[in-house]
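A quick write-up on the structure given underneath.
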Amino acid sequence: MPKWFTPAAILCGLMFVVSPVLIARAPDESAMGMVYKIYYYHMPSAWMFLLAPLVCGVSSALFLVRGLAKDDRRAWAAAELTVLFGALTLITGPLWARRAWGTWWVWDARLTSSLVGWMIGWAYLILRRYGGPGSDKLAAGVALFGAVNVPFIFISVNYWRTIHPPTTVVPKLPVSMGVPLWFCVTAFLLLFVLLMTMRLRLEQTRTRLDALYVALDE
Amino acid sequence: MTDQGGVRPPTAPFARTVWMVLRKDLTVELRSGEIAYTTLFFAVSCVLIFAFALVREGRAPEGGAAGILWIAILFAGTLALGRAFERERQAETLRALLLAPVPRPAIYVGKFLGIVALLVATEAVLLPLVNLLFTAPLFAHPFWLGGIVVTCTIGLAAVGTMFAAMLVRARSRDMLLPVLLYPVVVPVIIAGVQGTAALLQPAFDPAVVRFWLLLLVTFDVVFVVLALWTFEAVMSD
Amino acid sequence: MSDESSRPNALDFTDIAVEEVSRSFGRRRALSRVSFRAGQGEILGILGPNGAGKSTLLAILATLLRPTSGRVRYGGVADTQGAALRARIGVLGHDLFLYPELTARENLEFFAGLHAVAEPAHAADEALERAGLGTRADDPVSTFSRGMRQRVALERALIHQPRLLLLDEPFTGLDDASASALVARLRELRRTGAILVIATHDLEIADRLLDHALFLRDGRPAASIAQPERLRTTYQEVMTRPLDGGGA
């Protein structure tokens, strides 16, 4: 692990420990009181959930063009983080929705698009796990198709949704919720980087082990 | 055995390769009929199952006809894709195609067009069937219908052919094809169903259909180009 | 052999050189540091038990697989030419690469077309004559015996007059007459200057045929023998030797 890893991990841990304090001290939102505060975790999760597939898509494209193993490792790690942060987003979202709108799920454009995007992330991981040898190139193709698909998914779901009578309008929370929000975003970003690094390291080590196994046989 | 004499060996051009692959696929299919008949039969069964499941008091749910149509096409298309490439796996003929000095994206286009032809043939049977079973006036606006059906089919075939070709050498390829394909073609399905449903409305609004048509055309162009760019890289080992 | 035009073309290669080629799939090592050369008018045999890496090696020579390390040079140039290089290579695979629903003629015409042969129909006719299948030309390949399919497949591999011919277990399932005919055909090809690489474990047949034999054991080269004789005995000896690399 690189030298900065441990201090960063400690920092990240501390930030997450401190964050509830900051969040508790933020002003209550009038209509919903305490509950909206899960938003402080939901928003950063959602942003990471947007960042991860971007990294995956770009790394996959690079892998297809250059054929370097490190691009493939990064794509795989990013796909796992897509599924992870997607899960966080799709759990914290309905928790909030339940209180805010009285229902666990709405077929809102963003939620539905997120669900589809999350499924593409799962599809990638299933392919890597069960596709056998050569599935690195295949998965890169899937990731690329998935990444390019994002605007199409959003547009089609958005317009699909307007056919149904709108249940509620997703309220736009003022982003200038200031310190607590940006603190959480930073904490999540740090977490993202740490997890990515750990995962890359794991994969690198596995590759090196494989090479050693092979060399041992020489 | 005469020698080619020090010149660059000829390699087949793109369009000719596409035509040769397509013609070969059509010939093989016309001779055996296996994929065409089974796909068609399966699609019809699908529609019937949906009819039994969803029709109440002789009427399909609101907008149900469009949904049933496209689900049947999607399921039937998935099977057809799997079968078409399974055929290339026997006797490893896909390997032979990859060994030929042809531009590899041309192989993709040849196969893709074959799949489109197969799906359009299936739709030619399904559309009147759905029209009949669900008293859905699909043919009220035939040109718009044709546009939606063709662009939607192209979208499904473009992504489906790409993924099916990629999976030929993979394990668990039968399960993996729908797992990979369905999330990625969500926009196509939405556009197809919404576009077709809009055609069934008594108060027909061409602007709605035009929107979905435009989305489909854009999808088709983007993904066919993407497939052409990445086919070689993905198929090489 | 080749009358050069003003610019000699690197693709008219007269030999291939395999340099320290290894290939692994994750932890499974399929090939390890294989090196050899083969020149025109030579028949090289790759011998070994199942799982020794023969098919993997052929796939690498055919440019279908990339080596994990090491490289293959075709006439001194490493594999970068893609389609143009593939035009110079013919492969007779273990699975024959024929469409069972198509007739022999259609199969040959299709592949001739893909390989940009000048007159596919004419070339197919000649190929059918050479294979002695003129009377069955318009029957689907699925109705052929293994030997007949083999003959069609061989013609398919040769229809574009490749410089390098790769054969993977070509004698499998052939009766004596067909095997002899194949051997005669291969000798004729050698005479015309092609480079032939044959992977086989049919040692009796290979005995009379090979100019050079490379023995593979567990992906590693166990021995390399020029003008091999009494292959069966040599094979037993090489395969039971303690593993220490070695070569001739």
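A, B and C label the chains in the order they appear, each numbered from 1.
Convention: contacts are C-beta pairs under 8 Å (C-beta built on N, C-alpha and C of every residue); 3 or more make two chains touch, one makes a residue touch a chain.
Note that the structure is a prediction, hence the values are computed from the model and not measured.
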Chain occupying the middle, per Cα centroid: B
Chain pair showing more contacts of the two, A-C and A-B: A-B
Mean-CA-position distance for chain C and chain B (Å): 37
Rounded Å distance, chain A centre to chain C centre (Cα mean): 49
Whole-Å gap separating chain A and chain B, where each centre is the average of the chain's CA atoms: 32
Interface hub residues of chain B, defined as touching at least two other chains: 236-237
Touch list for chain C against partner chain B, complex: 1-5, 8-9, 11-12, 62-66, 83-89, 91, 93, 95-102, 106, 110-111, 113-116, 118, 140, 156, 160-161, 189, 192
Chain B residues touching chain A - in the complex, by the definition given at the top: 159, 162-163, 166-167, 169-172, 175-176, 179-180, 183-184, 186-187, 190-191, 194, 211-212, 215, 218-219, 222-223, 226, 230, 233-234, 236-237
Complex contacts: residues of chain C adjacent to chain A: 22, 24-27, 29, 32-33
In the complex, chain A residues that touch chain C: 133, 210, 213-214, 217-218
Chain B partner contacts - residues on chain A that touch it in the complex: 64-65, 67, 116, 119-120, 123, 126-127, 130-132, 134-135, 137-138, 140-142, 144-146, 148-149, 152-153, 155-157, 159-160, 163
